[in-house]
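You will see chain A twice below: alongside chain B first, and alongside chain C after that.
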Partner chain A sequence: MYDMKALYEAASVADAVALRTAHPEAQIIAGGSDVLVQMRAGKRAGKELISIYGIDALRGVSLDGEENLRIGSLTSFSHITRDPLIQKYLNVLGEAVDQVGGPQIRNIGTIGGNTCNGVTSADSASTLHAYEAVIELTGPDGVRREPIRDFYIKAGQVDLRPGEIQTAILIPKASYENTFGHYIKYAMRSAMDIATLGTSVNVRLTADKKRIDRCRIAFGVAGPVPLRAEHAEAAANGKEISAALADTFAKTVLEDINPRDSWRASRAFRQHIAVESARRAFVESVRLAGGEL
Partner chain B sequence: MSKSVGKSEIRVDAYEKAAGRAKYVEDLCGRNTLVARILHSTVAHGIVKSVDTSEAEKVPGVLKILTCFDAPQDRPFPTAGHPWSTDPKHQDVADRCLLNRHVRYYGDDVAVVIAEDEVAAAQGVRALRAEYEALPFVLDVQEAMADGAPQLHQGYDHNILAHTSIRNGDYQKAIAEPGLIRVEGWYDTPTVQHCHIENFGCYAYEEAGRVVVVSSTQIPHITKRVVAQALGLPWGKVRVVKPYVGGGFGNKQDALYEPLCAWCSVEMGGRPVKLICSREETFVSNRVRHAIRSHIVSWVRPDGTYAARKLECFSNQGGYASHGHGICAKGMGAFPQLYPCPNVECDAYTVYTNRPVAGAMRGYGIPQAMFAVECHTDDVCRAIGADPVEFRRKNLMPVGFVDGFSKNELYADTFNQCMDKGMAAMDYVRKYKAYQHQTGDVRRGVGLAVFWYNTAVWPISMESSSCRMVLNQDGSLQFQTGETEIGQGCDTAYSQMVADAVGVPFADVHVITRQDTDITPYGTGAYASRQTYIGGFSIMQTAQALRERILNIAHEQTRMPVSNLDLQDGQIVRKTDGRVLKSLGELATESLYSMEHSQHITAETTAQIKSNAYSFGCSFAEVEVDIPMCKVKLLNMVNVHDCGRLINPALAEAQVHGGMSMAIGYGLSEEEKFDPKTGRVLNDNLLDYKLSTMMDHPRLDAEFVENYEPTNPFGTKSLGEPPTCSGAPAIRNAIFQATGVAVDRCPATPHVLFEAFREAGLIQG
Partner chain C sequence: MAEGHVMQYKTVRFYLNGRDVEKTVDVRASLTDLLRDDFSQTSVKKGCEVGECGACNVLIDGEAFNSCIYLAIWADGKHIRTLEGLLGPNGELSDIQQAFVDEAAIQCGFCTPGFILSAVEILESGKEYTDDELRKLLSGHLCRCTGYENILRAVKKTMYRRLGKPMPAD
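What follows is the complex of A and B.
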C-alpha cells in the first residue's frame, strides 16, 4: 500500500508534457523500481505521480537518418541487452545494463529512469558518458538535445526542466563507429547489487591496430556524478599499444577521480580498484578492437 | 518396517506452497484488521523525555497512540524461546517491556500507532515527535566491559550479563613443559541477521474474553506463556496460532512483537490488530546473531599434540538479554570436546551493548565458535608445519568419547569418515598439493573445517514432545505435534515416520500443519535442531499406542489373538500365514459405527526425552582469489554430515544446501554495519546487507555418512543447524592456503582483504 496522492497516466509524449505542466510538483514514474522504493521509504510519500510507462513510442532502439543510435527512454535493460543494433554497435552498453539488479529489475527498469535519477552508480551511466551520449528532452517548447555530461548537474539532480520528459538517448555514429568497449562493475556480490565502482573504457585503434586512435574512460561512483578521466585518456591517445601503456593509463586515472570515504567503501579502496579496473577494461577493449598486448 | 523413511517423498506441503494456496499470517487476517506501526528510537542509548502525539492524532485514520508512558515499566518479561523453568535460577532474564522509556539501542521501541490502514499508520509514526535525553553508548563488547563504560541494565556490573568458566587439568603447570610452541589468535565474527523470506508478523484479537495471537513463530506454546507474562494474564487466557511460516532460522524462536500486538488489541477493546515488520525493522528490531570475539592460546608440542589450551570469548548481546548467555556458553562447551586436551581454561562472557538484540540464530553459537577454533587449527598447522587433515585426524575427538555432562557419546568414526568423503568429493589431496607455493595475481586454495554440534537441549533444559493421532473411517489418519513446520520440511519427515511406525501407506497420513495452543498437544517448537530427533520419540510412542488400540479392536472383530495380528501397510494381517484379514479402513468403519462397542480410534502421548546426540561433519571449500581486485570466488564447496539415518534424502540435501548458503554469506559478505557516531544500523535492507545470491554460489555438494543414532527410534539426529557451522572457516582456510594471508575475521569482504593484502605486501596502495 503506497502513500500516493494521485497517479496521472500519460498516453503520449504530448500528454506527458501537458501533465508535467499542469502538475509541476508531481514526480515522473517510468518502471518504478526506484520511485516506488523511495515512496515506500517515506522519502516521496504523499506525492503525485505522472506515469509515462504506457508511452510505447518511447520504447526501442533504432538508427536515425545519420546512423546515430537512438535508444528510446523507456527501453528496458533486458530489451537493450537483447537488441541487435546494440549488440552490433554498442555491445558494452548491453553488457553493462545486464548487470543491473536481477532479472525482474532489468525487465521493469528503463534506461531513461536510470539516467534521470542522476545517481553516480547507475550501470548505464559510465558507458553513456564514455560514449558521449546525447540526451533528448521534449518539453512545451519542443525538443532539445544536450550532452550527457551537462545533463548531470549534481548527485541526484539532472537538467530536466519544467514540463520536460526525457524521450531518447542518442549515441552519435562517430562515437560508436570502429569503437570497442568494456565495462567492469565492481560490486560486493555478483547480482542484486549497486556498483561500488563502475568503469567503462572504449578504444578506437589506428588502421594497423598498433596504436590507440581514441581512448575514452568514464567512471561511476568515483565522484558525485559519473565522470570522464581525461588525463588518463590523454596519456593513451596516439600511443603505441603495450602492457606498459595499460599501466600508465590506469595509474593516471588517479589524477582525474575523486572518490569519497563512506561506510560503503573507503576512498583508498575505491582508488585502488579504479586503477586495477581501468587497466583491465583497457586491456579488454584493446583486445576486442583487434589489438595485441 | 521401513517403507517410507529413507525415501525422498515429495514434500507434503509442496503443492499448497507452489500453487500459492498456503496461508501465512498476512493472508489470514481479515480486511477490517487494524494496523499497528512502531516508532523506533533514534538514539542508541537514552531516556525518553516525552512523546508529542498531537500531530499524529490529527492524521485521518489514526485511532490510538500508545507510548512508553502508557506501557507498564514494572512488569519486565523474558522473550527467549526456551521451555519455562520452574527453578527461578534457570529462568530467562526478564528485562523487556512492551515499550521502553529507557531505550538501549538505535531502533528500540518507543511508541506504537494504531490506525485503520498502513498509510495512516506510517503517516502517524512520521508525525510523532519523541524527545530523548541521550546517554553515552557503547557498541563494542570489550569496551562495554571496561571501567566507566555506559551501564545498560541495573545489577549487571560492567554490563556482564553472565560469565561462566571451564577449568580442566592445570593450564599453568602444563605450559611450563619445555619445547612447546605457543600459537595465539583473536577471531572476530559479525552481527548478522537471519533474512528469512517472510518478515515477522502477527495479529491479535480477543474472543470470548481471551486473547488470540496468530503469529509467524517457531514456538507457539512458548509464545503463549510469554504473552501472558507480558500482559499479566493467566496463561489460559492466551491462545496462540501458528499457520504456515516462511522461515525463521531462530529469529522467530523468541517472542518478538506478539506481546506488543496483543496489548494493542486489548487497548482497542479486542479489535483485531496486526503488526507486520518491514525488512528494515527485521534487520534492526527483531533479533540478530551474536557477534563473538574469541581469543585462543594453544601450547603445541612439536609432534602435533596439544599440551594446554585457553579460550576467552566475548559475546555481544546487544540491548536486551533474549537468549543471552546460552549462545556463547554453547560455543565454549564445544571447545574442550572437539579437540580434547587435558589442560584447558575457558571463559565466556555475554555482555550488554547498545547494538540490536542478539538471540537465537541457526547454529546457536557454534558458527562463531567454529570460525575461531577452525581458523586457529589452521594457524597451529601453519606454525608447526603440520598438514591440516593429518593434524585433525590426530587431535579430533576419538571414537568412544563420552561427555560427562550430556552423556553424549561418539559411537562411530564420524570425523574421519566425513573428512574422507569430503576429500574425495573435493579432490582435495591433488588440489592441496597443486595450490602450494603459488605466485601471481590470481591464486587458488582449498581449505577445510570440521564442526561440533549436538541435538536438542537436554540436559540443560527440559525436552518433551507430544503427539496425537486420529484414525479416519477409511484407515487414513491425521496426526499433530507441537513441533512446527517453518519451511524446513519436518511435516514431511514426520509423515514418513508416522506411516512406518503405525504401518500405513505414506499417502494415508495427513499432517495437521497448524499449531493452535488450544488444540495442539504441547511441544516446544523449532529450535536446537531438535524436532526430527525429539519428535521421533513421541511419534513412535503414540504410533505404538494407536497400534495397540487397533490390534485390540482387530482382535474383537476377527477373534484372532493380538499376538497373531499385525498392521502392515494399512492391512490387518494374520502373522502366521500372512493372510490379510481386513483393511484398516474396514476395521475403522466397523469400529466407529458399531451398535455394540463404538470406538473413535485415537491416541495421544507425551514423550520426555533424556538423551541427546552428537551430530558432526565438515566443510571443504575451494577458492580463487583475485588479489589485485581483493575478491574471492568460491569455486567449489562440499559439506559432509553424519546426522544418523536420513529420513528424507532430498530434504536433507536441501537443508544442507541452505545451511551452506548461509555459511557462504557468513564467510564472505554478510554483516550489519553500525554508524560509530549514532549506533544506527547503516545497512538495514537487502541491497546494502550483502546476503549472498545464487550468482555467488558454486554448485553445492551435500554428502552424508549414515551412522544410525542408537538413542533415537528412527536412528536420526540433528541436521537443521549443522550445515551452517563449518563453511565460513573452510573458506577462510582456503584463502589462507591461496595467499598465505590469515584473515582472522569474517566476513572476508573486499574491504577486509584490501587491508590484509596491503599489510602483507601483496598489493600496493
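What follows is the complex of A and C.
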C-alpha cells in the first residue's frame, strides 16, 4: 500500500488538464518509477496523485505533416528503443534510453517522466538537448511548444505550468536529417545505475564528408540541469575532420561545463571523463556519419 | 492509513494467467499487494519494494514489470502472468523451471520467480541471444546466492533447446 491521500485517474488529455486544474497540489504520475519510489521513501507521502498512465493516446512515435519526429510522452524507454522511426532517424536516443536502469524499469519508465522530473542525470535528457528537442505541453489554454533548454528551469524543476501536462517531445526534421549521434553513459555499474556523466554528441557532415557541417554536444550531470557545450561546438563547426580536431573539440568542453563534487564522483573526475567521453562520442558520430578519422 | 486519506476503491478486471478475474481494490495498493493478498500468487515476492531487485517481476501484456512499483488499478484490462501460470495441469514444472533445478540456478529461491518470468519473455521472443545480450536482459534482477552463472546457463540452455539448436561449448 502506498501512502497517498487520493488518486485521480485521467482517461484522456482533456481529463488530465481538468484534474490538474481541480487539484493543483496533486502530483502527476506517469510510469511511477520515480514518483512511487519517492512516495515509499516518505518524500511524497500523503500526497494526491493524478495518474495519466492510462492515456494510450500519449504512446507511440510518429512523423507529423512536416516530418518532425513526434514521441508521445508516455512512450516507454523499451518501446522507443524498438521503434522503427527512432532506429531510422534518431538511433542514438534509442541507445541512450536502453541504458536506463534495467529491463523492467525500461518497460515502465516514460520519456515524459524522465524529462518532467528535471533531473540532470536522466539518460534521455542529454540527447534531447543535443537535438534541440521541442516540448509540447497541453493545458487549459491549449497547446504550447517550448525548446527543451527553456523547459528545464533548475535542478528538479521544469516549466510545467498550472493545469498543464507534457503531451509530446518533438524532434524537428532539420535537427535529425543527415545527422548521426552517439551517447556515452559513464556509471559505476553497467545496469541499475545512475549516470556519473552522460555525453551525447551528434554531427552532420558536408556533402564530401570532409568537414563538420554542424556539431552539437550536450551533457547530463555536468551542471544542475542538462547543458550544451557551445564553445566546443563552435570549435568543431565548419572544420576539417581530423584526430586533432577531435582533441580540440574535447578539451574545449571544459569552457562550458560546471560539474560538482558529489558522493558519486568529484568535479575533477567528471571533468576528466567529460573530455574523454566528448572525444570518443565525437569520433563515433563522425564514423557513423561516414567520415574518416 | 495516512491522515486525511479519502477511502477510494476501484474495480479492476483483468486476465490472470489466462483466467478472467475481477476484484475491487484499494487505490493505494501495488500490483504486488493485489496479486499476493487477493489472488494468493505468492511467487510474487516482496523484496526491495522500490523497483531495484526484480523479485516481484510479472509479465504484463508480454513485458516484464516490477509489480511493486505498478499500481494495482493499472491492471485493468491487462493480461498478467505469474510463475504460478507456468505449471502444467498436474503441477508439472515447465522447461525453464526444470532448467533452473538442473543447473542449480536456485539456492534460497527468493529471486527465482522474477528471474524465470524475465526468462519467459526472453524465450518467447524466439530470438537467439549472445551471452552479453542475455546478461543485459537479466540485469534487472538481484541474486545474492548463486553468482548468476548458473542462472545464465539455465536460460541459455533452454533458449537453445527451444530453438532446436545445440548449445555451443563455453
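Assume the second predicted complex is superposed on the first by the 293 of 293 C-alpha atoms of A that agree within 3 Å, B and C clash if a C-alpha of one lies under 4 Å from a C-alpha of the other, contacts with A are read in each partner's own complex, and residues count from 1 in each chain.
Heads up, the rule we're going with is that contacts are C-beta pairs under 8 Å (C-beta built on N, C-alpha and C of every residue); 3 or more make two chains touch, one makes a residue touch a chain.
It should be emphasised that the depicted structure is a prediction, and the values quoted were computed from it without experimental measurement.
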Check the residue A:21 against both partner chains and state whether it touches chain B (first), chain C (second), both, or neither.
neither
Quick one: classify A:45 as touching chain B (first), chain C (second), both or neither.
both
Does the superposition put A:104 against chain B (first), chain C (second), both, or neither?
second
State whether A:178 touches chain B only (first), chain C only (second), both chains, or neither.
neither
Now for A:258: first (chain B), second (chain C), both, or neither, which partner does it touch?
neither
Touch test for A:242: chain B only (first), chain C only (second), both, or neither?
neither
Contact-wise, after the overlay, does A:1 reach chain B, chain C, both or neither (first, second, both, neither)?
both
Per the contact definition in the header, classify A:192: touching chain B only (first), chain C only (second), both, or neither.
both
Applying the touch criterion given at the start, work out whether A:36 contacts chain B, chain C, both or neither, answering first, second, both or neither.
second
Those residues of chain A which chain B touches in one complex and chain C touches in the other:
1-3, 45-46, 102, 190-192
Note: in the complex, chain A contacts chain B through residues 1-3, 42, 45-46, 102, 186, 188-194, 196, 263-266, 268-269, 271-273, 275-276
Under the touch definition given earlier, write down the residues of chain C that touch chain A in their complex.
2-6, 8, 10, 26-30, 33, 49-52, 54, 57, 63-66, 69-71, 73-74, 118, 136-141
Contacting residues of chain A [partner chain C, same complex]:
1-7, 9, 29, 32-33, 36-37, 40-41, 45-46, 51, 53-54, 78, 101-105, 107-108, 190-192
In the complex formed with chain A, which residues of chain B make contact?
117-119, 122-123, 126, 628-630, 669, 673, 675, 682-683, 686-688, 690, 692-696, 749-751, 754, 763, 765
